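Look at the two complexes coming up: chain A is in both, with chain B in one and chain C in the other.
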Partner chain A sequence: MSAWMAKLRDRAAKSPLRSAPASNGADAAGRRAPSPFWIMVQKEFGDHIRSWRFIILLGIVTLACVGSIYASVTALKNGGGAGGNGQTNAENSFLFLKMFTESDGSLPNFLTFLSFLAPLIGIAIGFDAVNSERNKGTLSRVISQPVHRDDFLNAKFVAGLLLIAVVVFSLGFLVMGMGLFTIGYPPSPEEFWRVVVTLLVTTVYVGLWLNLSLLFSVRFRQAATSALSGIAVWIFFLVFYGMIINLVGNVTIPSDPTDALAVMHQQDWLMLLQRLSPAYLFQEAASTLLLPDVRTLNPFITQDQAYLALNAPLPFGQSLLLVWPQVVAIVAETALSFAASYVAFMRQEIRSRS
Partner chain B sequence: MEPAVIELSKLTKQYGEFTAVNALDLKIRPGEIYGLLGPNGAGKTTTILMMLGLTEPTSGTVRVCGIDATRSPLLVKRRVGYMPDDIGFYEDRSALDNLIYTARLNRIPLPEARDRAELLLQQVGLAHAAGKRVGAFSRGMRQRLGLADVLIKRPEIIILDEPTLGIDPEGVRELLLLIRELSRSEGLTVLLSSHHLHQVQQICDRVGLFVGGKLIASGDIESLSRQLDGDTRFEVEVDVRDPDGSVAGRIGSMDGVISIETSPSDALSPGANSVSTYRVTSDVELTSALALAVVEHGAPLLGLRPVRAGLDDIYHRYFEGGAAHERVDG
Partner chain C sequence: MHRFAKKMSVGLTLSLLVGLLSFAATSFAAGARIYTPYTSLSAAPGETLSYEIELLNDSSDIQSADLSFDDGGHGWKAELTAGGHPIRQVSVKPKESQSVNLSLEVPLEVSKGEYAFKVNAGVFGALPLQVNVAEGGTYKTELTTEQPNMQGHTDSTFTYAMTLNNRTASKQQYALTAEAPAGWDAKFQVGGNNVTSVDVEPNGSQSITVNLTPAEKATADTYAIKIHAANNSTSADAELQAVITGTYSLDFTTSDQRLSANVTAGGTRHLEMVVQNTGSAELTDVSLTSQAPTDWDVTFEPKTIRSLKPGESAPVTATIKSSGKSLAGDYVVGMTAQSAEKSKDAAIRVTVKSSVLWGWIGVLIILAVLAGIYGLFRKYGRR
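Entry: the complex of A and B
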């Protein structure tokens, strides 16, 4: 991501329109003032960090992390983990990763917490990004400065994403550090990279929710409406989407259960529908990365498949390959919702407080 | 004549069926203070937004400092400071922070931004509140901070949308004086929109009357009143104690008097019922002759003042005229 940002910065510097010296002689000193885009990002970032909302959010997420660590460490101490799959070999070699996925049952594990809370972070950061500025009358003031209109939205997004990256990575590393401290078992490089990539995917996933809430904040004038819509979508995907898919599955079940082709066809369809949900995609991606034993993301349909499947952990590269489509899908959904909010924002007329 | 800094030609903006601005032509010369006058919903704000390139016109062109505002809004926004009618600041930041932020959005390096912001806060009389949160500011203070915010980029043109809205009379006077002073000392072109007529009258070089998306008259106040009346007329108000109406008859019989009306008496002044105020319209200057006539008649003369057509009158009469016109059309 840093490379991407460097490129952005570079482009901003090269753009002839932006680097043209200001008419009022601001650049007379020969020193280039930073572009308005980065000033906006800086301000947004500062605003987020100082806000109560962020502190509260950080509190919740930190508590969740500490709780999940406690649960997983207890589980590991009690011997092998409650949800062990009998592979003694794998159990020993990926002990460190188990910290993220095991639990003694008193509390959900880190991964579950993360997939539950991540959307909340995104929604909380983005839901009033545009409409609060509009209602306070600051939007028209900022837009009447020599800044590109899209820079405003981009700055909101980049600042939010940076903040999310900082939060997610610091929490991830915090859990790693605390785990190291309590179990005293160092991670192998592979385990380390698996965790890092998971955190990266999490950042992208939270970015998706950030974008969705940005879209709502462009669309709805009231911050409350926008927050509520964000939460509604979150709950829909978290709770109801799976139920609806099950319902659809029950209704469309082939009449002849021996017709393997029809059964497989129907299963494929259901998986496709299931994978429209970003929550499901993230769940698949993160669990594959943190559980090397996962060899395939498609359910076994026939007995043969289950019987013949190898039962050994995948190397890191193969796990990555397995989740690549999921990651791409999440990025695509992010891009889609950003494009929607971009179009909506560029078309809106900006008057003061209306 | 100098080239115009703001030049609108055939500017039209439609929202669906509704025409907010209708084939507007307007030229504003450098260094002048131009008042855009009109009732609410006349299309003033829409016109201003199009000047800044914040809204695209349906047809017509806007040129500001020779730049097409629709095509390259960024260049225009670099030279034009705009104060929206209900200006908002980041409430939990200090006045100084807000100004510095604006300055930095204009690519002014931080140290210089700080210097300029401090200087401007002094100029608008807010130096004592520089470190205070804007959330705690009063309406008048916000408006003055808004002016500083507009000026920090050192614009060539400033556009103020309803700058006097919601401030007390003393605050309005101070703000307008400040605007005039700044305009004169820095050679700024000022465009201000308002529906408060006398306020605009105090400081504007020229005004434009804007009704229903059309500029129905433009010019300085005298030429506007001439445009309105077609010929020169003089009006004098006479306060006289005249219980039986004989003074009125005497004045009415004078040469050159076109009409004489009884103005509504000032209800606030004590004993007003015994004093009559007559508004005398004539086609020649009659002030001294009137005084003489009243005194000769033996009535106590209590007041005598020539009436200049104020914007209020002009505005009012334009509306009357407009309404009458429509009636004829219909």
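Entry: the complex of A and C
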């Protein structure tokens, strides 16, 4: 979203017909063509693409994805895998989406891999973005150029997000292509858009981790500290947070297990706690988008709600509406973490050599 | 001597004469007789009477006679047989008897009355016979059925068993026709095959089955169907009755036959429904009920239909109000139109859509966050 805004501003600034200044300060920067901001974005992007770090990461993630596709294709060929034999037509009609969610058990499915490993890309791209430049002394050199001070951080973010989008969409389309090749079953438009929206949400989600690691790189002078804190947060949310929630759940379990209202109340609280984790939000959003059969994200379906309900998949719009709060939360968290790193960066002193 | 001889001869001659005479008298009066036990019978036209006639010979000679039948000018058909063969002459041994059969056929065209006949048997004498015809002969065709009235539904088949009697003297071929109301179908069957005409031997009868299929839209009523069996010379009519009791049938669907609808969670949806009486009897007090998910509300306007004539339809507006707690996706709403006689269900698949209100609130939140970032840009970035 920020990248889009930056592009818009850039384009507005370049337009000679523009008379009234829309945003303060954009005029002065925009008059010079090409904009120094986009030059910095291109430089950042190029640096990342050529770095060993990125190639290694990409290799790991690609291998994981290929492995998961192999698992899902094996499961589909064996006739449904975990879905069992008694599958209805409604379930079979979304065969293509199963590429992303099915597994024969030997490896986790694509979605699990993505939610687990994709944050690593964000962390790896962002953890030394600011502090390494600061330590090498290049930061003050860049700032001494006639650029806005925040352009430096914005360029880091936009370049990182673009890179993430490229990687996520390449992986997604790689899976779709291999799916077409192996199962020979083309996706319906609805399935295609479900996958595309899922990939968009994934991009924003990885952007959140990029912003977090940017924040750490602004905050901590040492790159190793920044990387470690990023990984710590990652491990905390993906591994320990669920355990802690379970622990809390076990402790706060109602004394009377027959009191349905109390049990529901406690489960709702646990669900709320779970949803504080961005990883959980992403898993809910992505799995609902890729599994049209999911009708609710509540831990309970009451008897009232299930009475006379038909077991039918939801249309795409309804699935999106169902996870819209999750999507909003992920976007908002991404934007907020960017704002935090922005404020932290802008309030820091920049010296020639510290 | 001569005198005595003369007397003697006269006496002898006399006695001989008397003896001869007496002999002749016995031989004629008691020597040969004709006999049958039933000389006066009653018979119906077309019937065949059978007489056993005995010829008795009490004399010591063989007696022979020609046999003939005098029909008295009535023209009835008669045949004398013995041992299965027609007979004209009979001989009877002394002190024995012979029997001869007479079969006498009462003609079909005969009037009521007494008819006298005579069997002539020469030396055996004549045997008078009398036949009493109790009622006049018809010389016509009869078409009858034991049960001319039947009851059933519009979709049932009426099967009548009829008998066609040919009371004429010759073999007849009858064409069979039925005067059924428009749309009705009548079929004649003889021995399991469909036929349009039938041959009947004189004085014979034939069973005919009539299969009657009512018109599809036949209303409840009593229908009379005339059956004719006719040819150029003779004909017979019969009337069958088919009583149709009305069928009760009901159709209940949406006005555009679409059994699906959308509704926003917590919102309402109006559905135009149609109740149609597809039966042939009037339906009264058709009430409309529903089976809906919990906390849903389905109301009908009108709630009951007072009366619905055959073929008529009545519009009903169903208002479905969904619960705000329902999940997005499909639910089944069952609606029933029910009268005392018949009911019909309509299952409507209702797709619940989430309210987009929270979607817009989410967009607002994102816009607020972006506005905050823009504020940060303003505050720090471009000083």
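Operating definition for what follows: the second predicted complex is superposed on the first by the 303 of 354 C-alpha atoms of A that agree within 3 Å, B and C clash if a C-alpha of one lies under 4 Å from a C-alpha of the other, contacts with A are read in each partner's own complex, and residues count from 1 in each chain.
FYI, a residue touches a chain if its C-beta (ideal position, glycine included) is under 8 Å from a C-beta of that chain, and two chains touch if they have at least 3 such contacts.
Small disclaimer: the values here were computed from a predicted structure and weren't measured.
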Contacts of A:Q145 with chain B and chain C, given as first, second, both or neither: first
Touching partner for A:P36 - first (chain B), second (chain C), both, neither: first
Touching partner for A:I245 - first (chain B), second (chain C), both, neither: neither
Contacts of A:E349 with chain B and chain C, given as first, second, both or neither: first
Which superposed partner A:M176 touches (first chain B, second chain C, both, neither): neither
First, second, both or neither for A:L95, with chain B first and chain C second: neither
Which superposed partner A:G137 touches (first chain B, second chain C, both, neither): first
Chain B and chain C contact sites that coincide on chain A, given as residue numbers: 23-24, 26, 148
Chain A residues within the chain B interface of the complex: 17, 22-24, 26-27, 29, 31, 33-36, 39-40, 43, 47, 50, 133, 136-148, 349-353
Chain A partner contacts - residues on chain C that touch it in the complex: 291-295, 323, 325-334, 349, 353-354, 356, 358-359, 362-363, 365-366, 369-370, 372-373, 376-378, 380-383
Interface residues, chain B side, partner chain A - complex: 45, 49, 52, 54-55, 74-75, 77-79, 81-82, 84-92, 101-102, 104-109, 112, 149, 153-154, 161
Interface residues, chain A side, partner chain C - complex: 1-2, 5, 23-26, 148-150, 295-296, 301-305, 307-310, 312, 314, 318, 321-322, 324-325, 327-328, 331-332, 335-336, 338-339, 342-343, 346-347
